[in-house]
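Order of writing sets the labels: A, B, C, D and E. Residues in every chain begin at 1.
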Amino acid sequence: MSSITYLLSRLLQMIPTFFLVMIIIFLLVRLLPGDPAIAMAEAKATEAQIEILRERMGLNEPLWTQFFIFVRNVLTGDLGQSILLKAPVATVIIERLPVTAFLTIYAVLFSIIIAGPLAAIAALNKNKRADILIRGVFQIGLSTPVFYIGLLLLTFLAAFLRWFPVGGYGQTFWEHMYHLLLPALTVALYTSAIIMRNLRSSIIEVIDAEYVQFARAKGLSEGLILWRHVLRNALVSTVTLLGLSIGNLMSGTLVTETVFAVPGVGRLMLEAIFARDYPLIQGLTLTFAVLVSIVFLLTDMIQSWLDPRLRPS
Amino acid sequence: VERGGTLTFARYDDSTLIDPVYADRNPDIWMVSNLYDTLLRTEADGKTVVPGLASQYKLSDDGLTLSLTLRDNIHFSDGTDVEGKDIVFSLNRAKNPELGPWAGLLGSIDSVTADGKNITIKLKNPDPTIILMMATFNTAIVSKDAFDAATGATDQEKAQAISNADPVGSGPFVLKSHQRGSSMEFVANKHYWRQGEDGKALPYLDGIDFVVIPDDATRILKLQAGEVNAAEFIPFARVAELKADSNINMELFPSTRIIYSPINTREKTADGQDNILASKEARQALNYATNKDALIKLILHGAGKPVTSGLMASTTQLATGTEALYKYDLAKAKELAAKAGIKPGTEISLTTLAGSADDSIIFTALQQMWSQIGVKLSVEQVDGATRGDKNRSGDFDIHTYGWVNDVNDPAQVAGWLGYYPTRKAVGTGWNNPEFNSLYEASNKEINPEKRAEQYAKMQSLYAEEAPLLFMYETPFAVALDNKVKGYVQTPLGSNEFSSTWIDQ
Amino acid sequence: MTYAPYAQKRRFAVFKFFQRMQPGFIVGLTILSLSLILALFPSYIAPYDPNAFDFNAVQSPPSDLHWFGTDSLGRDTLSRVIWAYSVNMQMAFLATIFSLLIGVTIGALVGYYRGFSDVVFGRCVDAIITFPFLVLVIAVVAVLGPGLINMYIAITVVGWVYYARLMRAEIMAQMANDYASAGKVMGYSDSRIIFRHLLPNAITPVIVYWMTDMALAILLGSSLGYLGLGAQPPEAEWGVLIAEGRNFITTAWWLSLMPGIAIVITGFGFSLVGDGVADLLRPRG
Amino acid sequence: MLDVRNLSTSFGHDTEKLLAIDDVSFTVAPGEILGLVGESGSGKSITLRSILGLTKRYGQVEGKVLWKNQNMNIMKNKELRRIRGSEIAMIFQEPMSSLNPLLTVGLQIDENLKAHTKLSRSARKKRSIELLDLVGIPSAADRLDDYPHQFSGGMRQRVMIAIALASEPELLLADEPTTALDVTIQQQILDLILDLSKNMNMSVIMVTHDLGVAAQTCDRIAVMYGGKLVEVGPVREILRNPQHPYSIGLLRSVPEDVAPRSELYSLPGIPPSLADRPKGCCFAPRCPAAMTKCVTDRPELQQAGNSCSVACFNPQTITSGNIA
Amino acid sequence: MTENTSLLHVTNLSHQFKIDPSIFDVILRRPSRYVKVLNGIDLNLARGETLGVVGESGCGKSTLARCLVGLYPLQNGEILFNNQNVSHKTRAEQRDYNRRVQMMFQDPYSSLNPRMTVGQVLHEALSVHKMRSETEIPERINELLDLVSLPRDAADKLPHQFSGGQRQRIAIARALSVEPEILIADELVSALDVSVQAQVVNLLLDLQERLGLTILFVAHDLRLVRHVSHRVAVIYLGSIVEIGSSDSLFANPIHPYSRALLNAAPSIDPDKKNTTAPLTGELPSPLNIPSGCAFHGRCPHATEICKKSKPELKALDGHGEIACHHAKELALS
């Protein structure tokens, strides 16, 4: 099977999942207490005005009709009109998505850059001082809530020392890099701690594996052994973990974007939930689900590229 | 004054659609006057009416015809003249109930006609609020030509298109770009008619950059870090600190904002129990048992004052009260509580806004204060939408709420807080025939003295009946860096940048 | 190597157990025990009533009277942090225990029977893990309304999946061992095989995960508290305390710093214990 | 050619020291096939690994491994690398885990050739195909790009042999090269190794626990028990006239040439654990001929008879009949 | 052998595993693929005898064993136990059958629950099947431990405290606790060292003698199989190619595969070099079994007919039953 058919079959497999995802999204939002029409109207609106809204939003239809309309609309790319922002949900999300995507990728890169070398150092010095220090620091990182790390970084590095801007996003690529440095770091700390742990133990596990010893018996240089035989194998499980952590990472962006005033979809999600913006919540949850699925798919591809055993036969 | 420069302003929330008709949330409403001018204007106190796009106005003696004369040489931001047809178009649009939520405020208008520079507004019935309405955001003037040219099938789509693509306005600024939820740019309208102190056209600024930062602390940090020139909605807890900061000018603008808590006055609670709060004495007892000064100290850190008028902030027109309502008096509270049958351990629940630090303090404080009269206060924390829902359905005992006037006339707030047909007297279910008829009469009363009398009566009646827990009035707290001068937030909340300038 | 020295003396088993413990594990255990004591007996330990206002000591910095200072209502931060221990430790337990029970049961059944149940389960899991955890939890909290109980429900609604997945995989791995087949051949009932034979052997990684999950629950719970979706004021909860102190981070730094430190230390304790337990339970020989 | 002297390897720290091999000495002559037999855990694999210095990473190795009169045990890694894989090659015990699952078989052969020969890329490829052909992998050229998991256990074992033979080693350390294989394929592999040893004068240390395999392939046999060599000698001597009670027991428990369904000879007891090995002879607790001395003192490997060495205070002969 | 004497009678037992189709296979409606592991096995097990089963790895020995005890549902064919059809219809039937037909596994490390003491293991078996009343159980446990020559204090120990050989004894004790009639031993001793193997084999032989057990002994060590079995079946790719008494089969195998198998086993005598050429080629995959005689690709005697028709298992005078077209000629050579 070629990789294209593999990709296709993975996509096909995602269909039932996505159907479930849509049911979950739809139901979740319908089960929210409080009338969305009331939520949408300012407190000052009268009953008649609210009824008009209700009609306009299709809330008077039976549930299954609403679901049917929902699915049809989603499939045609119509995610409805945001109540909060008074604009098409799709447009709003497309406007905001690059920010979160930027932040996420930035954070992933950060995680890898931080975790990779440190994991290798820790593994090679197993139970020595460097290892204990690195693990200790990351352990603390694992025990600190994202919002708190963000808060501390923001207050001290940005506001107090003024090394970084206090939130925002900037206009150019380099401004993005500069503005999102602290947020990305905040999001990355937790993920990098998880990756560090995993990579370290994978390396330790692999470094004395039979095939590595066999490679040594062949008389290969240690560098080649580390690079070709150890790291590559250790990476397989780490890639899975990185893929699975993407959900974590995005959870992190939710909080981080709020703390750092980054105008991404994460912050929008919280705003939408507080504002009971049904269409926006639906659109955003769906977006998150799609993003995560894409990442899962990517992880799968990377993994099967790394590990031939996972390739379809 | 100095001209030039761009002001960076940190907001707590973004505008969605700044259009006189569709603006329904405060972040929209409070920006309208920067983009669109009204026929009449109020001075900074929000009460005194002065000419705007119209240089003169006159209400006929029978109160049924309002005539206005347009100023010479007034232009839209695209350079075209502001003409009678634009006025007719704008006012008809504003009173069209199909469109925005504010049409009801112009319900008395029968027709609008223009003859050259003379505008005639015919009323169905005398309306004491009509002149103030001409100075309110929803009657601001838009360009008919721009609207006609805009893409879109419906009026709303056209409004959207205008604000997105080719904004044309009559106000001191023009919307240049807008990144929903994150930032917005205004630039000066070169064709604006009003003149500054230096005799040249306003505004002084070249433009304004708005950044949206919902988080209070971050907003302040940005100001302190010098990344923005101004930050609005400063938490009162931080006011003293910022006041002490020599680089920062901490402004507390008087406002029509009041914080109060509707009390459910229905005979039965939502679950069918007898409602102890249905009795006036019980409500009064709670009011007396509440130490407002302490609340103000705790929450506003002194930057506010107790509610003095039953119905409105003291800055509102026709407000009468000068003394704090229900001054803390434990003895009286106990006496009333006993009278109302509040036994020790009576459970009352306070519905508060999730995540609101102020609400949680209010709750903690009330819990302690009211325990003195035997009330066991519990909390129910909900989000805004649920609170609104509960308010409408009467499923609450007491909940926190706040109000800011949108229009300069007190009719809006009185209708909201006390008049049953509008919204069941702010959801309290308080239905007082005397109040209702007074209110209805006042809405047709064009004699100012008589109307003031009616309002005084309504206020005392309302205060006596206490369908609310009267708490406090707060100013608008805006922190600006020292270079920013002349910025005003009106009592209605409107952000006025037309005379703002930066000391370079 | 399959060769295992079997004739090990068991005399010093307990002693060896402690000997095998890493120092980190001991530190973790100490932290958790202390946390537990604080959580169980806050009223004896906290110097002040956590909710009592004291207008004479508003935002007073740490001093002899108030070791961790006071907040803007004059409440003693130390007492509030201590009282928060009961809330947050309860959170660690209650937010995870139901996920654990539900997940383990479902995971074990699905892992044992596979077949169609596995297909259905697989799709459900896929669908749920496709959402970022926090997104789904927040959404559920929003459905149910904020508050601790609802938060527990929300976390359980989402969290059981992770336990179930783990359990399923472990059960399937255990099924590869002949003792499972032996149980069938011995004519034992399915429930006996699942719950008496497979489960005790498969549960170890789940317990290890549970430890880390409790740390996560504290982090998540305080995040929700911070966002106003978790514990409700005036209940002292670390996330809520940090949120309350958020505005004074530069002036009254102790308000957010002290609960922050409490979170970090407790989380640290849980992670260390989690690692230590994993280490202890790891098969040797 | 290879002279191992007093080689000991231990694992763990002072508190829990596990002596996996204890004071092992033997030699291998050019072209000779030495069989290393003994039961599981007796230290056969560790011996081989210690020769190549692979156990240094996780254990302490003492003693001398003289390869062409150079002590490999004190060599620097760089020098060791030149010997490993080129002069001395090793086949690992477990074909399933000894090939890197992520790399193609071709690459895993190639990296050996690259490290030890100066062949060009295409020449290396040609050589790889030759090697796979040699070990009997059908359509070898097509299989270079395959991954280990696409091969069966037996084929993987052969791939490993191909890798080991890549640079025509002078000494092959074969750790149970046929355990994973069926008897029919085992025969092919053993024939191959025998062939190479004869044709290329390659020495082999062949670890096995199957006495039949040892009998059919080896010139000399060394019997290991509990980390020590208990008996070394020519294959016929050891199999026909074993002297160490353990060797005797081992041979007698093989059900060959005994009445069907009769009781088999079995050594009582169980092998010692590394953690607490007896003070005297490791085998003493199970030994039918043990004496008091055996419990207290440790016997050394000593010349016994013409060509055998035995580590026993009370060597036996089967004919003497006092052990049954 | 006639039916009345056979305790277990298997006819035409086949078993195949379905390969999970990929989503593409489903969409393209590709036919499902099967690993055909057992292809029509016929065998009889007489009361009190030991039947050895040998064959290359992957030929289906374990699958056969597992089918016989019902670990795999019966797909095709018939199993008669005491002349009664074993259908495993209800759980109760299945339990009763299993009580009487027990199995022991290859891996002494994984076949015992690591968290149950030996006493618990035996107690469970005894109480679930109500073999003894609750009060008699401890006594019975001691008896069983004696039976397999384990010390009585073993009851309180966990499996990891025992050696491999001892664990296999525990497994045997567990199997015996329910007093079965048939024991199926799947590579019972192949994981053990030679010196320990002998202990367990001795025990098994002894028990068979004393308790009159019937044993199916699966192993790949030919010497052992020969030693313990009365009769031996040789399996190639899921079919029996030769079955007969142990003596005659080992002394004089007929089927070319049996011959190759026996020849390839290295003798412990260095001078008894085997002379026949080893088999060439690999074991074909059970995914697509060659037509005709499955062995024809590797068989030195194969002719056209071997490619076309599958030989039946036929009795040959002086030998057992052989599935080979050329059995007669080979018997003469």
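Following the convention adopted for this analysis, contacts are C-beta pairs under 8 Å (C-beta built on N, C-alpha and C of every residue); 3 or more make two chains touch, one makes a residue touch a chain.
All values derive from a computational prediction rather than experimental measurement.
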Chain-contact steps, minimal, separating chain E from chain C: 1
B-C compared against D-E, more contacting pairs: D-E
Cα-centroid distance, chain B relative to chain D, in whole angstrom: 91
Between chain A and chain E, centroid-to-centroid distance (C-alpha), Å: 53
Centroid distance [mean C-alpha coordinates] between chain E and chain B, Å: 88
Centre distance in Å when chain A and chain B are each reduced to the mean of their C-alpha atoms: 40
Contacts with two or more other chains, residues of chain A listed in rising order: 33, 155, 159, 258, 273
Touching two or more other chains - residue numbers and ranges from chain B: 355, 383, 386
Multi-chain contact sites of chain C, meaning residues that touch two or more partners: 2, 6-8, 142, 145, 227, 246, 249
Chain C residues touching chain E - in the complex, by the definition given at the top: 2, 4, 6-8, 10, 176-179, 181-189, 192, 196-197, 200-201, 285
List of chain D residues in touch with chain E within their complex: 39-40, 138, 152-155, 182-188, 190-191, 209-213, 215-216, 235-236, 239, 249-251, 253-256, 258, 260-261, 263-267, 270-271
Residues of chain B that touch chain C when the two form their complex: 216-217, 220, 235, 237-238, 241, 294, 297-298, 301, 354-357, 360-361, 363-365, 367-368, 379, 381-383, 386
Partner chain A, residues of chain E touching it in the complex: 22-24, 27
Residues of chain E touching chain C in the complex: 66, 69-71, 91, 94-96, 98-99, 102-103, 105-107, 109-116, 124-125, 128-129, 160-163, 171, 174, 178, 191
